[in-house]
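Two complexes follow with chain A in common, the first pairing it with chain B and the second with chain C.
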Partner chain A sequence: MTEFLQHLLNTLVLGGTYALLGIGLTLIFGIMNVVNFTHGALYTVGAYVMYLAVTALGLGFFAALPTAILGGLLLGAILDLVLLRPLRGADMDTTMLVMIGAGIVLQSGTLWLFGGVAKSIPTPFPDAPLQLGPVSVSWLRLFVLGAALALIGLNYWLINRTRLGLAMRATFQDHDTASLMGVNVRLIYTATFAIGSSLAAAAGALLGPVYVVFPQMGGMAELKAFAIVILGGLGNITGAAIGGFILALAEELGAGYISSGYRDAMGFLIIIAVLIFKPTGLFAKAERIG
Partner chain B sequence: MTRHLPALALLAALAALPFALGHNPYLLNALITTGIVTIAAMSLNLLLGFTGQLSLGHIAFFGIGAYVSALTSLGFDVELLWGLRIVHEPWPPVVGFGLAVLATAGCGYLVGRLSFRVRGAYFVIVTISFAEVVRLVALNWVELTQGPLALTGIPPFSLGLPGLGSVTLRTKMQNYYLVLVVGTLCYALIALLVRSRFGRAMRGLKENESLALSVGINATRTLTLAAVISAAMAGAAGSLYAHYLRIIDPDVFLFSTTVTMVIMVVGGGKGTLLGPVVGGLIFGLLPVALRPVMVPEAQWMVFGVVLIVIQFVMPRGIVPGLARLATRRHAPGGAPARMPAEARP
Partner chain C sequence: MTRSHTIPALTLAFVLSAGVAHAQAIRIGVNEPLTGPFAASGTYVVNGARIAADEINAKGGVLGKKLELVVEDNKSNPTEAAAVAEKLITSDKTPVLMGAWGSSLTLAVMPKLADYETAMLVETSSSGKITTSGNPYVFRISPPSALEAEAFAPMVEKLGLKKVDFLAINNDWGRGAAADFGKMLKGKGVTVGLVETMDQGAQDMSAQLSKLKGSDADTLLITAAVDQLTLLFKQMAALGLKKRIITTGGSQNPDQIIAQAGAAAEGTMHLTTFLPWYPEKTPNPAATAYFIGEWKKRGFEFAGVTESFRGYDGIRAIAAAIEKGGAADAASIKKGFWSVDFTGLNGQIRFAKAGPAGSESGQSKPDVYLVKIDCGKVMVPEL
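Coming up: the complex of A and B.
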């Protein structure tokens, strides 16, 4: 029972960052109809900006996190302006291939700049974990959970309570009508891609200190983001948030009770199960995608 | 026959190439691995080019083919759940090749049935995840695959020639011609398929699905069949790879190889017969040309940039671009001549 409680606690910590990853990806897919193959690379970039900000710039851990998020926001905006804006209206395959190309450039660029050796990010938290009755959690992981939940909340506020969010939701429903109502759709696309990218970077910056930072870390993160998004239904933000926690739970229990070597395979098993039983995702309205 | 003239000319040139290179083992090795990946790229083109479905896990079929073929010829002894033990004595590599083709065809069927219920982005994601899980299995099922320690000592192919006894393909020269023969057979098979009723069904689905459905084309069955043939061909390429290199590890499942195949297909010209071959030769041999001037990371950046630039500058790829130039030259001043059937998008 104690072991199970510990798994649940780990699920919460991991699930928060997975939800961030998933929300970013599903936002971009839902609004722009772009399968973002730079998502993993942006996750990596977020972790490396965090690393640089803490070690080389000496910004301090808590100032480094917003720096990494801002870095993701900026890089996302640049990617959209340079690559996606000229391709607006092109078919999905074309943008997918361009995004794969951009992902390769970013990933091998990181490898070239920083080398393949894994780096660890120093944190200001004490090494001794916090004891909560029979279970324990490190202060760092607790902070990661808090930051992830805060970012998810901020994102909800942005989408549901601001004019920008209103314009984004309008574009999501029908970009032609939104455009006729005076929404600057081009700007909304750029903002969407930048925000989605910043969430990926935030996830990388939060999980980077928990694990280690290396150039290929984004590959698996991207795959997990895909699984989360399929689980929640493509384009469904609440679905992605819940999907993040479900994937984390599946991984924790899979690693704990089946085999730790297959932890990363859980996402795929979830994709198979969803496609067999409920292809539109667990939380989708009755509409067919694809 | 004139339709296939460029392909026949290319075949003749490739057959003569080793002599022109003066048996340079380094270049010959690059040509063999390029040829093997090109066969996989041709199989990817069957899906991506002719049905429009992007399989980003194609390396899974390649790797499964390699492992099935290697394990068949090496033998294994594994214990499954509930004490069930399977002991397999080594069989000849040629049988491994056959089993690799069958096994990957089965995998293609499964993946196709599963993901063609919902297509587009779903198919892409399912294929990537499939490849990743297969890699995890190869890495973790150490009893069967030796995990990261790699399967070593894989025997080379032996071909029994009637009346001449059997020949074991040990030299690079022999393997080069083996790859060339298998590649030519795959090319011919795809050429026949594309012109068949099945090929027209595939193209119909890609151009206008609702129209194709309305004339009675079974979408799921057509796409699944395409996935089966494509997977089997990639499995054949994987088998060639295993018996040529004679050592394989879970790195054969790396996503980057799938990306290389995609660049070959898209760069050469997806949906054309010659495109993947031309793209395969260019992008397979590009690292050889770049090696003296840059580190591998920078080479990959070049590949990424090339993939982006192609989409902007030459979205149809090199072969259709050249075909259009050629037809324009033959019809000076007049309306652009009709493009060859396979060069149409």
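Coming up: the complex of A and C.
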């Protein structure tokens, strides 16, 4: 029982960051129809900005986090302006190939700048864990969960309660009509890509101190983000949030009770099942055809 | 002669002389992970190898020729490792290789060695399969898991092990170590409990650790490289997992663990094949002192020497094989390996036959030490 409780607690902590990754990707995919292969690289960049801000700039842990998120926002905006804006209206496959290329450039760039040796980000949290009865969790992970939930909440508010969010949702539903209603669709695209990228960077900046930072860290994160998006339904933000927690639960329980060697496979087994039985995702509303 | 003629003539002379120097050097292919999960370790090994090559070249080289290392990155990926080996042998024409750090990487390279009849010195890998699968082009200076387990056997009773769980990286190295140590421990009457694995790139092992925390074993034997060990110790501390920890495989790099895992690494024990903290206790104190001095002089972190000494010894063993073989072609060097006999940084380097008769691989038998992290320092526990 204790073991089960510990698995549940682990799920909660891991699920928060998975949800962040998923929401960022589903925003971009749902609103812009871009298969974003730079998402993993943005995750890596977020972690490296965090590392630089804490070590080289000496900003302190809590100031470094918004710096990393801002870095992701900025890089996302640049990527959109330089690569995606000229390709607006181009074939989906074309943009996908460009994004794959951009992802490789970003990953190799971090390797070139920082080298292949993993970096560790120092944190102000105590080493001793917080004991909750029979289970325990590190303070750092608890902070990561809190920050992830806060960011998810902030995005929910942004999308559902602000004019920008309204414009984003309108563009998502029908960008031609939104454009006719006076929505600056070009600006919405840039804002969406920047916000989605900043969420990936936030996930990287939060998980960087928990794990270690290295140039290839984004690869698995990106695969998992795609899995979460498929799980929750393309473009479904609530679905992506819940999907993140489901993926974390599947990994935890799969590794704990079935086989730890297949931990990363568990999530993908679920994806295969979802694609076979409910290909629009677990939380997709009935689709209107025509 | 006018000026316009002088410059092309000089250029030609320069190109020719460079070509001659190039032809005179003996090229050694170095196939190591410089990127990917094993990047840190692979880079250390290459830096150690460079110290050996420079030292040998400063003393006049081998057979009157300089050594030239051709270093390639196998990206911690077996497919890449095989491709790199092929490139080194066919395109760079290296008559001998060193590599490929990880067992899965080395195993992927081995068929290429047989195809091109080129010998490789294996400096780090510890899967038993490497020297028992009948590949006569493999010469290994690191201990296979079975040898490591055998060296650990006398310590089992002194440590008072009763029940042991395993956590191993899910590849040939980790699974091989769990099997070999498990066999040895069962033979000593120790109960073997859970055997958990983790992906080589995995960063979150909380699920495995939560399960291991619930077990009644007194000791956890871990096989993983330094980056993953650092994460494991931190995550163990977070979960409140308190058991005796012993790591195997010789790629733990205790100093990096102390630096990155801090208090979480306190009390952990590690089976290593080199004692740089106590040069006077190593088999060849003078060589150890020279190597560590040179390492520091080049500005590398001391933490790297537990990994880089293998690159240093590896290149020295290759140089000895070239010397003994009498010529710098692949066949002579392979023959030369069987006559190598010198004191390396971690014991006598001398290859004994291992594997099926008729196509034996070479296996050297290094020393194995148990060290403990105590008050943020590496010490040798009294047993």
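The criterion applied here is as follows: the second predicted complex is superposed on the first by the 287 of 290 C-alpha atoms of A that agree within 3 Å, B and C clash if a C-alpha of one lies under 4 Å from a C-alpha of the other, contacts with A are read in each partner's own complex, and residues count from 1 in each chain.
The rule is simple: a contact is a pair of C-beta atoms (placed from the backbone, for glycine too) under 8 Å apart; a residue touches a chain by one contact, two chains touch by 3 or more.
All values reported here derive from a predicted model rather than from experimental measurement.
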item: Simultaneous placement of chain C and chain B on chain A, clash or fit; value: clash
item: Partner chain(s) touched by A:T2 [first = chain B, second = chain C, both, neither]; value: second
item: Partner chain(s) touched by A:P86 [first = chain B, second = chain C, both, neither]; value: first
item: Which superposed partner A:A255 touches (first chain B, second chain C, both, neither); value: second
item: Touched partner set for A:N184, first chain B, second chain C, both or neither; value: neither
item: Which superposed partner A:V137 touches (first chain B, second chain C, both, neither); value: second
item: Touching partner for A:L111 - first (chain B), second (chain C), both, neither; value: both
item: Touching partner for A:L14 - first (chain B), second (chain C), both, neither; value: second
item: Partner chain(s) touched by A:T162 [first = chain B, second = chain C, both, neither]; value: neither
item: First, second, both or neither for A:F226, with chain B first and chain C second; value: first
item: Residues of chain A at both interfaces, chain B in one complex, chain C in the other; value: 111, 219-220, 259, 261, 264
item: Parts of chain A lying in touch with chain B, wherever the complex brings them together; value: 29, 35, 83, 86-87, 90, 92-94, 96-98, 100-105, 107-109, 111-112, 219-220, 223, 226-227, 230, 234, 259, 261-262, 264-265, 267-269, 271-272, 275-276, 279-280, 288-290
item: In the complex, chain B residues that touch chain A; value: 52, 54, 56, 114-115, 117-126, 128-130, 132-133, 136-137, 139-140, 255-256, 259, 262, 266, 295, 297-298, 300-301, 303-308, 311-312, 315
item: In the complex with chain A, residue positions of chain C that touch it; value: 34-37, 39-40, 43, 170, 196-199, 201-204, 206-208, 210-211, 213-214, 227, 230-231, 234, 237-240, 260, 262-264
item: Chain A to chain C touching residues, read off their complex; value: 2-3, 6-7, 10, 13-14, 111, 115-118, 120, 127-129, 131, 136-138, 140-141, 207, 210-212, 214-217, 219-220, 251-256, 259-261, 263-264
